[in-house]
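Report on one structure; see the data block that follows.
Order of writing sets the chain letters: A, B, C and D. Residues in each chain are counted from 1.
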Amino acid sequence: MAKVKSLADLKRIKEEVQTKIKLRENSDRPEQVVQVKVAMATCGIASGAKETMNYIISELEHQAIDAVVTQTGCMGYCYAEPTIEVTLPGKEPVVFGHVDKTKAEEIIEKYVKRNELVDGIIPVNYKSI
Amino acid sequence: MPKIKLAEKTINIVKEICAKYDNNEGELINVLHNVQAKLGYLPAEVQELIAKELNSSVAKVYGVVTFYSFFTMTPMGEFPISICMGTACYVRGAEQVLDEFKRQLKLEIGKTTEDGKFSISCLRCVGACGLAPVVMVGEKVYGRVSPQQVRKIIAEYQDGCPSS
Amino acid sequence: MADYKMHIMVCGGSGCRASESDKLTQNLDTALQKNGLEEDVQVVTTGCFGFCEKGPVVKILPDNTFYTQVTPEDAEKIVEEHIIKGRQIKHLLYEDPNAKELIPDSKHMDFYKKQVRLALRNCGFINPENIDEYIARDGYAAIGKCLSEMTPEAVIEEIKESGLRGRGGGGFPTGLKWDITRKSEADQKYVVCNADEGDPGAFMDRSILEGDPHTIIEAMAICGYCIGADKGLVYIRAEYPLAIERLKIALDQAREYGLLGEDILGTGFNFDIELKYGAGAFVCGEETALIHSMEGLRGEPTFKPPFPSVSGYNEKPTNVNNVETFANIPVIINKGAGFFSQIGTGSSKGTKVFALAGKINNVGLIEVPMGTTLREVIFDIGGGIKDGKKFKAVQTGGPSGGCLTEAHLDTPIDFDNLIKVGSMMGSGGMIVMDEDDCMVAVAKFYLEFTLDESCGKCSPCRVGNKRLYEILDKITQGKGTKEDLDKLRLLGNVVKDTSLCGLGQTSPNPILSTLDNFYDEYLAHVEDSKCVAGQCKALMQYKIIPDACSGCTLCFRNCPVGAISGERKSPHFIDQSICIKCGVCYEKCKFDAIEIV
Amino acid sequence: MEMINLTIDKKPVVVKEGTTILEAAAEIGIKVPTLCHMKLHDMGIENKPGGCRVCVVEVEGRRNLAPSCVTKVEEGMVISTSSIRALNARRTVTELILSDHPADCLTCAKSGECELQDLAQELGIREIHYKGEQSQYREDTSPAIIRDVNKCVMCRRCEMMCNEVQTVGVLSAVNRGFDAVVAPAFEMNLDHSVCTYCGQCVAVCPTAALTEVDHTGAVIRALSDPSKTVIVQTAPAVRAALGEEFNMEAGNLVTGKMVSALRQLGFDYIFDTDFAADLTIMEEGTELLNRLSKHLNGDKDVKLPILTSCCPAWVKFFEHQFPDMKEIPSTARSPQQMFGAIAKNYFTEKINVKREDLVVVSIMPCVAKKYESARDEFAHEGNPDVDYAITTRELASLIKLANIEFKSLPEEDFDQPLGESTGAGVIFGATGGVIEAAVRTAYEVYTGKGLEKVDFEELRGMEGIREATIDFDGLDLRIGIAHGLGNARKLLEDIRSGKSNFHAIEIMSCPGGCIGGGGQPYHHGDASVIRKRMEAIYREDANKTIRKSHENPYILKLYEEFLGEPMSEKAHHLLHTAYFDRSNKIES
């Protein structure tokens, strides 16, 4: 193990290890970060929810967007699987259907980063899942 | 002056531990901890030896041994039973549990059964207050113990082998 | 580095570990491997979550699902249901004791809502055996800042400004203490961390050491820098094996990283830490006694002055602070004195950790801002009294503190307020009592503790506490007189006024406060031979109500001493001369046919 | 040094910085009662654990009462030593101590001398309000000291003496809380321990937790047995202190009255240990010169320094703690034992009494002498050379018992032949005295010249360790002196490590020498008493016509008639001894 010889060394190590606990830090303050819930019931998994989730997690991390990506049970929109719910800080949750990799990319680029609306929103009246 | 008899192995253990602490009198408590961990208790002869090794007086060593409740001069049972008497355990009935152990084993606190199997002692808060009242047998922790469970706990060890 | 998508946080505190949380961790790992998820999900053993009542506790991130009383056998289900299928496991969720509903998310638990975690900031959050996780949480940034940007005087000034007061009980201003030690000239000085937590029912220091050992190491180094010491000593209870183990690991890691040892962070500052073990003596919480114990002597206190800051360990200037005090230091340095001092009350800044115990729903470890009321702590965070019973008293400050009543529930908790109402902060034990607790017996319990723990050096504590205990015992036996109550008060005051150290100076507090607040209960014992709470066995009898007794023989069969006689289907009878008042019959009776009189 | 202004009981006081409240109060004549505190001025001995809490006083502005013995004065302090609060606390604390103390004052060995009894009296305690369980320890009787731990008040004085002053390390506080007492390891009996019986614990104990074994009854029985001839010897330090027991000023020499009292008590012959001290000088001095000349001639087998061996506690001390050096001390027996041997072997012949019909009683300032007289090697077929050794205090109680009005007794002389002594024999009672006596004789023998001045001031004093060089006509004789076993230990460790370059060392176990012995009237913490006794000893020496041992005519006669010459075979047999290794052996 390398010695920490200076303050700069310490900062470097901190940056290196920060990602290790990023997930924990974010989950401790979900309301301050982007929250994504992926419906992951049998129907979801069958239609590729797992791949979608993996993609979202790695993409958000890659782009250094603080987010919490969780899985949830069936949202009740089996016809539109994979479905995800996205909550931006201070905003109401929005549910998207048929989210494959391409769609996910679009959601991240447009909705998450620029707050522009994209197609595929499932208009519903529910509080949360 | 009566000669003090100790097994050679014991002498070596004690000397080694004292040497580890540079035979420094100021490390007496650390030395006692180590010796008790090895021998299980601190008999008079061992205290004499420690005093000699640390160039201290045996009265002083004994004064320290009798000051701290962690140190004991009587060998503990094969299965030492410790009942937590911390406040949390107390208010949740530790005393009744203790009484039951005493009654079942016909044993007083700090004593060991004739067969050397069990000894009873009280502890101050093991920090498992959420499980109060707590009983420890050796390293094993029993939580939320009721007096009715005491017989069962003892039975676990009666055959000489704890069912884990 | 594998990027984990989920973290399973398993409490590895002593309490949860006693309920096999380590086996649970193993099983979780196995189950993850079985499902090929070891790259996606990380199992983290953390320090205490605080929610000890329902241990072992498991928290799943990022969704903050909070599982309680999890057994090793539940591991597979957690992986298969929750991790893979995203379904919460209902029976492991925490049920709000009052609203009777399941709480899926720790963010919604009353227990956590009102807490502000500074000293406990990393407990339950990081793996205490991994220095990297500590560093990721700004660990060692504070010592870095001190060494590179601040003079020792500036650091002390910052601590002074923060208003931090010693959390071990005395409440002495920490910055001032450091300043005095700094100004004592000597060739060698010492930093001592008092980790000999001995209050029955208090375990905050243990939890910090188990959950976040590096914060203590860092804070001690900062203190060493400020006072001019290159040696630190942690005086730790030998009864805390897990804390010792974690601290040792942390020390090794810090040394390996060069954060302890010579030339720390290239600044020329040297500091290292050695462990010294306590051996079961409550009085060693008193700093002079602690120092004598570290020197290999009987842990007897000596008169102050000289204070340890002037002449302590090996007669060198020694700064003694307790664990929780140290745990606040990095926060103050990193976030600034202003951040810290805006929390709390006028005279007591920051937060305080309490160990909630007794007849309360949520037994555990909590941290709240100074100034939080007892009511908030007991009823909101603590979830109220167990089994719907009535709140009677809360004991704060351990054996040195007093019993407070309903009337004090809205008192904002801080150092001075508690003293004003006849108790004290102490190290933070908080024991809640309900209607079944006899206050005379409670006072006796505490006195028995002090009696056991008195070092015997000064006469008022050695003999005075014995006499106080004997009087209390007499009262609980129903043999007390009204004159005895006056004696308790008179003698208690003298013991307080004349004892050598804090132990004797506070030992009568449980008696004096119960006399003040529950005088009627004492009076009932001595005048009517009645124990209202039904706890003093000598003063009560179990009797069978013939009309209610169905003659089921259940009591009869369960009586351990054969004191109950009677025929099936006809009312039973308890022979009072044989009865040991164990209460088994009372508990067993299904017809409420046994009364306590 | 800075001066501090404060007010005690409304009186202004100015004292030096660092003064305690207790001392400051004393300066204006206010005596705050104490129990555990004890300070032996100019001996560097102080006991102030601040534990008894009897001396608490009220300091304005402080939350708690302050123990005056350890609280230092501060500028502007306002103190009340007798406010209701302080008085109530003081009385309550004393009552608490009494509540765990046997109330057998009327028959207690310490009655009349007990500091706790005095305190209770002073505070006017007539009732103990807080009664309860009392400690129950067994009594421990050794050849010299009785421990009655039930009377221990945890003042810690004995522990301090035993560990810090004497470094014997037999006593320690043991157990804790209500059970805490001072005791030997494992609460073993003293006679199983390394106790030297120096008796300094007895000398400082405020109560009767530590007292000497009482032999007065046995002495009375011997005196009343017509078949016995009972003779008595009195140690030099006794005459300088006995008067204190009869309310006489410390430092009064009561030699003549003491002789007179002993005669009234019925002793058949009143002899003097000083005579035997002179004899000791003849033997020890000769041994010193022998060893010295052999050493100077290059004999490597001869070890120097030579150490004195008069003090039985010191002998037992090195037998336990420095057994590897047991060849170094002089083999000469102590004066008490030389006297016993001469009495039972020579004097019996003179008066034609059988050995078993002669009872030798010694009056000693010492409790270790009881042990010494009981050592096996000092008995012949079970009959000891010295039958009973009683302390100065025990003699006083015998005198009181016999209704003797001590103060008005006439001065009488010792009997002969064993009652004649020189000034050299007298000064054995004070630290430095034995070596000074030895020097007076050795000088003249070694150089063949007469001393012009017999007073060696450089060997006297109260310093714990002293050294001096005496010019022996060209030979610089280097002398070391230690009193108090802790000081002795330092010199011994120097010898062991080869650092010592002394030719001769005198060691006495008790601070001040025998005048401060464990069997002397209680000093109650007043060290000036010991100094006054010392002055008395040197006064007695100065007043003697013969001041050198080798000029004692009866000594010369004894050699002529009986012993031959110093170190002769007979002398060796009767006047010398050997030492034993009493160290703890740990074996497998």
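Simple rule for what comes next: contacts are C-beta pairs under 8 Å (C-beta built on N, C-alpha and C of every residue); 3 or more make two chains touch, one makes a residue touch a chain.
Note that the structure is a prediction, hence the values are computed from the model and not measured.
Shared contact partners of chain A and chain B, listed by label: C. Farthest from chain D, judged by the mean position of CA atoms in each chain, is A. Distance between chain centres (mean CA atoms), chain C to chain D: 54 Å. Averaged Cα coordinates give chain A a centre that lies 39 Å from the centre of chain C. Look at where the CA atoms of chain B average out and do the same for chain D: the two points lie 44 Å apart. Chain A and chain D have Cα centroids separated by 89 Å. Along chain C, residues 281, 298, 300, 452, 455 each make contact with two or more other chains.
Contacts with at least two other chains are made by no residue of chain A.
In chain D, 173, 175-176 are the positions where the chain touches two or more neighbouring chains simultaneously.
Those chain pairs judged to touch are A-C, B-C, B-D, C-D.
Within the complex, the chain C residues that touch chain A are 1, 3-7, 9, 61-64, 85-87, 107, 125-126, 132-133, 135-138, 140-141, 144, 147-148, 256-259, 265-266. Residues 24-30, 32-33, 60, 63-64, 67-71, 85-88, 90-92, 96, 103, 123-132, 134, 141, 143, 147-148 of chain B are the ones touching chain C in the complex.
Residue ranges on chain D touching chain C, taken from their complex, read 49-54, 56, 64-65, 67, 70-72, 85, 88-89, 92-93, 96-97, 99-100, 129-133, 153-154, 173, 175-180. Per the touch definition, chain C reaches chain D in the complex via residues 281, 298, 300, 302-303, 305, 451-460, 462-467, 470-471, 487, 490-491, 494, 496-500, 505.
Across the interface of their complex, chain B is touched by residues 13-15, 18-19, 51-55, 198-203, 206-207, 238-240, 276-282, 293-300, 314, 355, 357-359, 363-364, 395, 398, 429, 431, 433, 437, 445, 449, 452, 455, 560, 582, 584 of chain C.
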